[in-house]
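What follows is chain A paired twice: with chain B in the first complex and chain C in the second.
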Partner chain A sequence: MTSEAVDRDEGSHETALMIEAEGLVKVFRDFWRRPKVRAVDGIDFNVGSGEIVGLLGPNGSGKSTTIKMLLGLLFPSAGSIRVLGESPQDVTAKQRIGYLPEISDLYSFLTPRETLDFYGRLFGLKRKIRRSRIEQLLEMVGLTHAADRQVGEFSMGMKRRVGLAQALVNDPLLLILDEPTAGLDPPACRQVKDTMLAMVRRGKSIVLSSHLLADVESVCDRLVILHNGRIRAQGSVKDLLTQSDRLSVTIPVLPPEKMKALLHALRDHIGEEPQIEHPSMDLERFFLDVIEHAGDSPLTGAGHHEGIARYLDGTE
Partner chain B sequence: MIGRVLAVATLTLRGAVRSRALFGLAVLLLFLMIGLPMTVKGSGSPASDVNVLLYYTLGCAWAVIMVATLLLSCAGISRDIEQEKIRLVAVKPVRKTEIWLGKWFGVLAMNAVLLVFVGVTVSGLLSWKIRSWDPATKKRLRQTVLVANRTIPHRPDDIGEDLERMYEIELDSIKEHGRETSAFQRKRIRGSIRHALLTAYSQVSPGNGKAWQIDIPRAAKVGEPMALHINFSPLSGEIRSERGSWSLSAGSDSELVIEDRIVAGMGNRIPLPDDFVSRGQTLSVRFENATGGSSVVFDPEAAIELRIRESSFARNLFFSLLVIFCQLALLSAFGLAAGTFFSFPVATFVATVLVFLSMTGHYFVVSEKSDVLSPVGVQPREQSVFHAVGETLVLGLERISGPALRLNSLVKLSNGLLVSLGSVFHAMLVVIGYSAVLTFISCIYLSRRELAA
Partner chain C sequence: MVAFNQLLTLTRLTAVEAIRQPIFLLLTNACIVLTAVMPMVLLHQFGEEGKLARDSGLAFHFLFGLFVASYAACSSLAREIGSGTASAVLSKPVSRSGFLISKFLGLGLVIFAFSACACMSTLMSERVAERLAVTSNAGGYVIDWQTGWLLVCAPFAAMGVAGLLNYYRRQPFVSTAFLVLIVLLLIVFGVSGWFDRSGNLSSFDLRVQWRIIPASILITLALIVLCAIALSLSARLGTFATLVCCFGIFVLGLLSDYWFGGTGERSAVSGLLYALIPNWQHFWRADALAAGGLIPWSYVGRALVYAGTYSAATLVLGLLSFRTADIR
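Our next item is the complex of A and B:
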């Protein structure tokens, strides 16, 4: 998290804590009101401004239920939630929240442009602002060419992009993303992450639920790991993942005799055999480099992504 | 708030258009409106052809739109919840009332489009149909059917004392047989006696006469074409005609004596000069039975009525469609409410059953008024608990839905009778009142309902 992000003024809506959840419990009941499943079992967590918090956990661990309670779609059986200082049911708080659900529940008969216009109208955005943002978002998610086709004709990845665009149409202060990269190609995944980072630089907060641990690791400041409705681990990514008793050193490749001497010296000092390997680029970076250097075959259509929408990175 | 409501309304209408529901309905209505007059034949007269086109065609179109409205409105919210599309809407800064009203206005917009289509098509068909008729027929149609005539009824016969006396006698007779009567049965008995008395008062035996008086209201539009309509009911159902002499007078200057035949079961009409009556006057009408040996029985409720041209047919059609629009608005509010509480199939079933039971109850009440159900002198049977509960349920539903079910403009339109601005306002008030209650209950439930699983 950068100090630039924290310093940026977001007006009167900014609160120290974007989300405060305390003793949160959700029990699903059957038709006769008998308890059926205890999906969330007394969890406490906070999300501060300008941070990305990852919700991790296997299927059925309570991630989606927690998110739905944050959004007021489900009511807690016990405990309390404050989102942007208000109850999740409060309409004014929803003005500054963006949400991308796990499955993009879009109206299949609308085009992406109409979809964004519809949600923009629900946010009460003026027509001029709506039009400008819609064009920027369509460009950002690479759907300008398909802006007037019905969403029902789209692939899952394209629907996902429309879903992401609608979550950003109000320039939210708090963004809640449920599996945002599911079904997206690597450039789109990278772009989602870049968007998240750009937003966090502007002091926005993000709650990210994902199964893709690499994605979570690369963007999140803090992690909340859930299992069977309870928090099993919570803290900053650095604190949780750093092996403080181990160290890796990266050096240029040395001639064999120098390497041999270096290893010998190391072995003498640490008393065990040091591990030596060539550092490797992660697959996502490699893939993006290949695409970038494809040169004469520019990505067109659904695969072509522009940068982040100007109004999202604060340049507009 | 209005922006959000309109956004949801536009979405709903767009859904109906893009799913081709609107187009499919328009095609179905077009086939119906063109095909039905070809299959349903009237008596062969031009007036009867126009009547068929207006009453049956518009009636069937109304029924088709009604079913479509019920289905679409039941699906309005329930399908969005089932398909989880409401999640993305509910997390936006939208109140549940705004979602509900938006859905309602969307269905209303669809109804408006369909009714405009029906109105334009019916007008076009009418123009096409009457274009080949001779000018005299066209003129007659414009005075009888293709017009908005104000109806001024005669003063009712005073049967109060006789009614009370016969009612007491009937109740005593039932008690003597050791039977109890429910409130509904007592109401039916009273209605039957009233009907029997009115029928007796409406009989005119050979050589005798009967007089009526019609008070011309101050709001009536005098100086327009007017006619006296006579409703002569056949006792045994056969078509008969009777000779009679009619004497009409209004004030000192207007007097008319006509020797004419009246035909049972047919619309008997005596045209009057445009200036025959003035506002605030009383028109006196006397009939002398000139037949040799049979009594003439007039309609007990409306033996004669004066009809004065009040407005054009186009305005009447427009107002009639407005009343139908109000009925559909109420139905869609009801369907949406059902869809708020139940899943789509359950909501459709519940709404359909309740509408059917309400209409059945309405039929019972109307039949009871016209003495179809309980002739005088027939002792009421013992009621089972099942019967009593069913009767209470159906009549209770009728009592609740009665004001909406009584909003019927098609009969008036197809008979050239005025659908007044007052009746349109009345329909609007009924819709606003009932819909406000349905909106309130639905929105309270919707705001307390979890919109995700």
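Our next item is the complex of A and C:
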């Protein structure tokens, strides 16, 4: 777990449950109504206010099915779900939910600006607010220069950014992201994570489904690990990943004779050879540093990623 | 109020998405060009030129309209459900009933726009048709080439203008071409009124057979019924299955009188099927226009009630099905 998640973990406090799922089962049936596959098999989990919960699991483990049940798109075969205290079928609860689907298949003949305007209208946002948010979001996802091109012409990564922007247009209280970083370049991935962290600082909750374990580890407070439709592990990232019987100590590089004495003393006390290594920067941080020092030239055809939209980090 | 605004937003989006699809422009242009060309290539039809042009225009309206209605309905719902676009929309505060109804309204607008183009083309095509003209000096057949060529050129000119607008102002090509086409058809319609049948300037007189309009309205109603059926089926079936079912219902509806509606004694099953399957013959009244005949507006009114009731009932069934459907 990175320092970002740890910092929040220390100060986190659950106030209200955003999601309550109990005994959730989903059985898909064939044309003759015979059970075909049991995609989700009796899972229980909660998401509290102001936390990021990661849903992890291999393909076909039931992550997307669970998410679609949370959104009222799929009907559970058994069990109960409350989202923001309401049934997932309740339209009013959806007013405060943002959702990025796994596949961002948007209306291909609309431009990003038209797409965001469309979703903004669905939330009943007033024109002035809508326009302001659209411009901020386009800037944030680096699509201002392509705002009037049809989405059908875009690469997968660019579509994904439009998808992310539409999920944020209503400044949601609960954000559900299905593979949010799939197809994105590292700066965009970093920005997605920064956006999540900024939102959580404002008390929002996030459910994140991803295959990218490093992404999940770096931002999530809690993990739910699914396999074959069942929860195999669940808990805070810290509890799940910490090796409580081991300890690492980071110290400055010492002169050889001091180092030798220190190792000798350690060996005497612990009775085994201590492991010595230089701590390394994670690849994402290194890559972003390289890009930052490379100057102002655009990284991709999709354009620059600006900071987080002002209305999302609470500075507006 | 919010629900109403949502309905408007979704209706508008459905219409915009449909008219931005290249297939829509292709079908509309094909319908207009074929309707326009028909009276110019048919020769020596023993005085039946006007009827042939009119019947062909209405038939093209029906045929291409069937493709427009069924394809647009399938791509609007079945494809959106299959591709995940619908799940993104339905994860917003949008009710499933509002979603389906707005799809129907949006496609209804598109069908209406298509039908307006087809109707104008048929009106002008019938005017173009060769007629026996007898003057004090001579008698013979004349054809209104000016109107004919203007009508044929309208779709190409519309695409040319849309191409320029796309190049210079980045306007979306297909929808712009369609909007320009409507304007050009209206211009051609107006300009043709200043020419007589021999192509000479004359006082303004459109000389069109306005009695074609009720026949066109009936066809439009049939297309709207088919659209409602296709949408309702799309709530559960995929694109291909929906198209196959629509084709089956269309064929059954065409032969409904013959198979289920005989004048003799009918079985209960035949009676039920006759009542359930939409009878397209009610909407095809081209024969009534022969020999100067008219379609009474009272008949159009009854057909409107029938189409409205049938579409509403179909949509209610579709809605009941859609409300419990899993959106994957």
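Methods note: the second predicted complex is superposed on the first by the 294 of 316 C-alpha atoms of A that agree within 3 Å, B and C clash if a C-alpha of one lies under 4 Å from a C-alpha of the other, contacts with A are read in each partner's own complex, and residues count from 1 in each chain.
The working rule: a contact is a pair of C-beta atoms (placed from the backbone, for glycine too) under 8 Å apart; a residue touches a chain by one contact, two chains touch by 3 or more.
It should be emphasised that the depicted structure is a prediction, and the values quoted were computed from it without experimental measurement.
Peer 1: For the three-chain model obtained by superposing on chain A, do chain B and chain C clash or fit?
Peer 2: clash
Peer 1: Touching A:279 in the superposition: chain B (first), chain C (second), both, neither?
Peer 2: Touch partners of A:279: none, neither chain B nor chain C.
Peer 1: I'd like to know which partner A:256 touches here: chain B for first, chain C for second, both or neither.
Peer 2: After superposition on chain A, A:256 lies in contact with neither partner.
Peer 1: So, does A:106 touch the first partner chain B, the second partner chain C, both, or neither?
Peer 2: both
Peer 1: Per the contact definition in the header, classify A:148: touching chain B only (first), chain C only (second), both, or neither.
Peer 2: Only chain C is touched by A:148; chain B is not.
Peer 1: Following superposition on the C-alpha atoms of chain A, which segment of chain B from the set 296-304, 350-358 or 368-376 overlaps chain C?
Peer 2: Residues of chain B that run into chain C: 350-358.
Peer 1: If you lay the two complexes on top of each other, which residues of chain A touch chain B in one and chain C in the other?
Peer 2: 68, 71-75, 91-92, 94-95, 97, 99, 101, 103, 105-107, 109-110, 118-119, 121-124, 150, 166
Peer 1: So in the complex, the part of chain A that touches chain B is made up of which residues?
Peer 2: Touch list, chain A to chain B: 68, 71-75, 89, 91-92, 94-95, 97, 99, 101, 103, 105-107, 109-110, 114, 118-119, 121-124, 150, 166.
Peer 1: Where on chain A does chain C make contact in their complex?
Peer 2: So the residues of chain A touching chain C come out as 28, 68, 71-75, 91-92, 94-95, 97, 99, 101-107, 109-110, 118-119, 121-124, 148-150, 163, 166, 170, 176.
Peer 1: State the interface residues of chain B toward chain A in the complex, per the touch definition above.
Peer 2: Against chain A, chain B makes touches at 3-4, 6-8, 10-11, 14-15, 18-19, 83-85, 87-95, 447, 450-452.
Peer 1: For the complex, which residues does chain C have touching chain A?
Peer 2: Residues 2, 5-6, 9-10, 13, 16-17, 20-21, 83-85, 87-95, 170, 172, 174-175, 324, 326-328.
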